[in-house]
Amino acid sequence: MTEQWLPTLKTDTPQEGYELAVKLARKAVGMTQPDPKIREMLRPVYATNADSLTLASQVVAIHFQTVAAANNYWN
Amino acid sequence: MTEQWLPTLKTDTPQEGYELAVKLARKAVGMTQPDPKIREMLRPVYATNADSLTLASQVVAIHFQTVAAANNYWN
Amino acid sequence: MTEQWLPTLKTDTPQEGYELAVKLARKAVGMTQPDPKIREMLRPVYATNADSLTLASQVVAIHFQTVAAANNYWN
Amino acid sequence: MTEQWLPTLKTDTPQEGYELAVKLARKAVGMTQPDPKIREMLRPVYATNADSLTLASQVVAIHFQTVAAANNYWN
Amino acid sequence: MTEQWLPTLKTDTPQEGYELAVKLARKAVGMTQPDPKIREMLRPVYATNADSLTLASQVVAIHFQTVAAANNYWN
Amino acid sequence: MTEQWLPTLKTDTPQEGYELAVKLARKAVGMTQPDPKIREMLRPVYATNADSLTLASQVVAIHFQTVAAANNYWN
């Protein structure tokens, strides 16, 4: 059985929406590199590289657009 | 005859929509590099490079925007 | 006379829309580098580089957003 | 308890919206690299590299799209 | 007096819209590097680099989204 | 007191909207690197690098989407 990890795009607050965007960004990384040990090995490399951090922030930004729209911008 | 691989953008759940976004992201790669052996050769390289994983996640994020809009954000 | 290559953004199916997105992505490359021999020379380089393939897939993703919206997501 | 840092996407003016976009862009960096000392160490590197600055500006641009839409473009 | 180069985003056809997107992409380059001799010098470099061509195509794709929306997708 | 630099996203013409997009793109650079002398030092580097110019043009393209939407595409 497939794990259920994304039942909805709805969140109560913008902040929870942002956290969901972070989750969405990381999920694709986990699907391409499913080995958690390798992902842990990569972390110190990109977490100390400014451009890597900016790139990761960009993916969050794109997902946050989607989550915000799904929540009608929490109007 | 062309293989039918994208009959609809509709999915039952956000999670299936995310999986469709992953498929959409990979399809263009397969169209540019149709040889599955070469794609397999490339996998260990980008799957152990943090920036490559982030870049791949970004393409998924863009497609997920499209799929989510097509499903009216699963409202 | 200019060649007519984009009469409409409408397509019958999502899959044809995806193929149009691929065409739109390649067109700008052809406009910047009009020499087909040079484009052919570049192909083996980027088609065996994972990040190049991901970048190309990203441009398709952006155009697919446009084509999907133009077709009201094939509702 | 989690710090509340994003109660709303609403701002009074476009300029405050832009400042919120900057905050949203930096937040993901802080979540990936939570150590402020390391982030401070990285700053002189990317702040003197034109492409790093452009990349950072791009993430702000994406978030500003979201914030502007959330505020109905301050109409 | 400033040259008038963008009176409208409206075009008669999608193809003319695409050409406008190319113009919009190049304009920012010209504003950052106003010297046409330097731009001509750079051309052979990026026109023979696959990733440079893809990056340029990406900017066109983003502008084409705008132009297509401005024309209601030429419905 | 904070300088007021973005009172509105409204412009009279598409061309002024494009100029505002350029301003929005540069603002984030200035906020990350507030020293104008360093920014001036960086300019000859990125202004003679094709990919740097394309990257900068991409940020303008993203902001132009926002400004164009804010002005209802100058309909």
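Note that the chains are named A, B, C, D, E and F in the order they appear, and that numbering of residues resets to 1 at the start of each chain.
The criterion applied here is as follows: a residue touches a chain if its C-beta (ideal position, glycine included) is under 8 Å from a C-beta of that chain, and two chains touch if they have at least 3 such contacts.
Bear in mind the structure is a predicted one, so any value in this text is a computation, not a measurement.
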item	value
Touching both subunit A and subunit E (chains)	none
Relative to subunit A, chain with the most remote C-alpha centre	E
Centre distance in Å when subunit C and subunit F are each reduced to the mean of their C-alpha atoms	27
Centroid distance [mean C-alpha coordinates] between subunit D and subunit A, Å	16
Length of the line joining the C-alpha centres of subunit C and subunit D, rounded to whole Å	31
Subunit B residues counted as touching two or more neighbouring chains	46, 51, 55-56, 58, 62, 65, 69
Arrangement of touching chains [line / ring / star / complete / other]	ring
Round-the-ring chain order [start: subunit A; next: subunit B]	A, B, C, E, F, D
Contact set on subunit E toward subunit C in their complex	13-15, 18, 22, 46-51, 53-58, 60-62, 64-65, 68-69, 73-75
For the subunit F and subunit D complex, residues of the former touching the latter	2, 4-9, 24-29, 31-33, 38, 42-43, 45-46, 51-52, 55-56, 58-59, 62-63, 65-66, 69-70
